[in-house]
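Chain nomenclature is as follows: A, B, C, D, E and F, assigned in order of appearance, with residue numbering initiated at 1 for each chain independently.
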Amino acid sequence: MTQHHTDPHERYERGLRALAAIDGDAGHKVVEALAEIAPDFARYLIEFPFGDIYSRPGLDLRAREIATIAALTAMGNATPQLKVHIEAGLNVGLSRDEITEIIMQMAVYAGFPAALNGLFAAKEVFTSRAAADREPVA
Amino acid sequence: MTQHHTDPHERYERGLRALAAIDGDAGHKVVEALAEIAPDFARYLIEFPFGDIYSRPGLDLRAREIATIAALTAMGNATPQLKVHIEAGLNVGLSRDEITEIIMQMAVYAGFPAALNGLFAAKEVFTSRAAADREPVA
Amino acid sequence: MTQHHTDPHERYERGLRALAAIDGDAGHKVVEALAEIAPDFARYLIEFPFGDIYSRPGLDLRAREIATIAALTAMGNATPQLKVHIEAGLNVGLSRDEITEIIMQMAVYAGFPAALNGLFAAKEVFTSRAAADREPVA
Amino acid sequence: MTQHHTDPHERYERGLRALAAIDGDAGHKVVEALAEIAPDFARYLIEFPFGDIYSRPGLDLRAREIATIAALTAMGNATPQLKVHIEAGLNVGLSRDEITEIIMQMAVYAGFPAALNGLFAAKEVFTSRAAADREPVA
Amino acid sequence: MTQHHTDPHERYERGLRALAAIDGDAGHKVVEALAEIAPDFARYLIEFPFGDIYSRPGLDLRAREIATIAALTAMGNATPQLKVHIEAGLNVGLSRDEITEIIMQMAVYAGFPAALNGLFAAKEVFTSRAAADREPVA
Amino acid sequence: MTQHHTDPHERYERGLRALAAIDGDAGHKVVEALAEIAPDFARYLIEFPFGDIYSRPGLDLRAREIATIAALTAMGNATPQLKVHIEAGLNVGLSRDEITEIIMQMAVYAGFPAALNGLFAAKEVFTSRAAADREPVA
């Protein structure tokens, strides 16, 4: 399952596609926010996490988002990124109940405060998504 | 999907069954190691993580082990428990390649050292399991 | 000092009493905030931390709150819970000066930023409690 | 309860006395181990944690060791220092059961692996101390 | 390179000078904010980090701020202090590009979220400093 | 100072050269240790941290190793990698005293245990390097 060296433009394009599929608009906004201060870092973010890791065939995106939501909840010091990946979890097919289960389980490994703060982050994402869904688009 | 209050013996028994299914012998050894210093803690370990959380119907054990392996790799300060859950991941149907993918992905969220140390823990588990598999049983 | 299996309703009720004695209103608010997203987690929070751990006879609540304030200050990634437990410390008989001492001591184990952020959290709790105390009740 | 500037020799001597009272031999060994690589750091260790913090009158040593054992268990990345402070807790009057209670409680705030690893550290300290107690002194 | 015991007033004064040189106004504000809740802690902050550590001759302030910005970015749980030290880095001669490089590098050791949050903190500091620079002083 | 897309072989080769310059043999050993379990991860390690980050022109290797030693000391959960980078610091021109200063400073930001464990790691590296230097080569 070894990836071979690929054309760098291909890697960047593959990363952009993965980023859009996973994070939707949120990924685009992070890249924009970086443009002024560290444009190369935006490129690395597209290339390594998305072009290399999330594009690997050995694990589907659903499983990858379970891993990421769990890790960010447990670490407890990256709430903005946790919210982006709760949203990403929904984008790749996890249900709200499944995301809630993953976060609750983190009480066992990182304590109740980490799980509580993860649940409140999920509540915010679920609520703002529900609000967006109710908005008429045209 | 709300669990109702259950008979406490039922909860303990359910936890014991989940512990055996997930951790195999390793769970039993931890409980024994606790007997001398904190027997109540062994009971809590069976009741809350296994009797309550892992027994919940909303997420299968495969997904739960993805979450746990990711979190313990990312936190990086609980190697013995990470090894137990890499073994547990194999027990509930994750392949070695899938476990390797989960740990590699943690480089993105917790840095390369956390992922490297997770990969070396996995290598140890895979090697000792391979050795055990080669041993004649009778 | 081993607890025996107790009736689950008893455990839940014991947890509710401990939660009220320790966290006062704050505990109630957390449980309410969870109702919409993860009602089972509110129950676990009452049962395990409060019904099991804080209800154990081997350590008084004053000592337990010293431990919790110290740990949450040192971890530095759960400010809302730290504030709840600074308030809880006052509820179970710690003085403001004692709480300040505990937090200052964390500079030794988790660094000056963790202690500083803990002291600023304490300042907020002390100030808002002083304001509440000044308010006429009727 | 403000400390005033004190003579620096006084501060160092006060720190040495506090270190001996709290850590016994273990403190001395750390200072010796530092002599070759960072002798000034040994002095800072005596002066700030012990000469300044542990010598403050606002909290007794028993309470201070509860705080330290809790924090080091929760952080989970400083096992040698946790063992020194479990020993220190015994030195200043905490019982083995009380220390076990503090560590168990950390499961709530830092997860079960942190508490388990803390309990196993305590078990080692208790066992080696029991062995030392059985040794004839003369 | 061993420091000798120095007169405590000298140590405090040396700390105040280092604090002013490194943190400028921000240091003064922290000391003021502590005055009400923990005035001794303000003194310790001046004496140990600034009077002892930052005043040591073995490493220049530029190198010391590289170390501090890196550590606070990697730890990810002390944003206010990270901002103070990004400002401090500029005060002691690091360029915006150098600070950005240090923070980007932390993606390797602490993950992309830690680096992203560090970059956004830097962007805030750079922006507010640029705004202050444009303001007419008289 | 934006890097442009480069030929992937060039990026890998650039990473290999940086890895050799910084980590010497240690880097080679890590890559070998990964070969069996996760060969792609060895490639990522060469490409992203070394081919991308350490090869950037905006900060010299001396400054980059100050940042890495500081961060790994402060995080406290990656001792093998900390040792590799203490060695790397020596390779790129930091003196033993400078490395000791960086690690001591981390007491301020991550607490005394993190600094102590960092100093003991440095002592091991310095000692084994001194031993290697004394060995006759031919």
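Descriptive notes on the structure:
Convention: a residue touches a chain if its C-beta (ideal position, glycine included) is under 8 Å from a C-beta of that chain, and two chains touch if they have at least 3 such contacts.
These figures come from a predicted structure and were not determined experimentally.
Between the contact lists of subunit D and subunit F, the overlap consists of A, B, C, E.
Two chain pairs are in question, A-E and D-E; the one with more C-beta pairs in contact is A-E.
Chain centres here are means of the Cα atoms, and by that rule the chain farthest away from subunit E is B. Both subunit A and subunit C derive from one sequence, and where they touch, under half of the residue numbers involved are common to the two copies. After Cα superposition, the angle needed to carry subunit C onto subunit D is 180 degrees, rounded to a multiple of 5.
Comparing each option in B-C, C-D or B-F with D-F by residue number, the pair that reproduces over half of the contacts is B-F. In terms of their C-alpha centroids, the spacing between subunit B and subunit E amounts to 41 Å. Mean C-alpha position of subunit A lies 29 Å from that of subunit F.
Between subunit A and subunit B, the centres computed from C-alpha atoms are 24 Å apart. Centres computed as Cα averages put subunit C at a distance of 32 Å from subunit E. Residue numbers of subunit D whose C-beta contacts span two or more other chains: 1, 40, 44, 48-49, 53, 56, 72, 74-75, 77-78, 81, 100, 104, 106-114.
If each chain is drawn as a node and touching chains are joined, the picture has every node linked to every other. Those residues of subunit F that touch subunit E in the shared complex are 1, 48-49, 53-54, 56, 58-59, 63-64, 66-75, 78, 81, 97-98, 100-102, 104-110. Taken together, the subunit E residues at the contact with subunit B in this complex read 74, 106-114.
Subunit E contributes residues 30, 33-34, 36-38, 40-41, 44-45, 49, 72, 75-78, 80-81 to its touches with subunit C in the complex.
Across the interface of their complex, subunit A is touched by residues 75-77, 100, 103-104, 107, 111-117, 119-120, 122-123, 126 of subunit E. On subunit E, the positions that touch subunit D within their shared complex are 1-3, 5-9, 11-12, 39-40, 43-44, 48, 52-53, 56.
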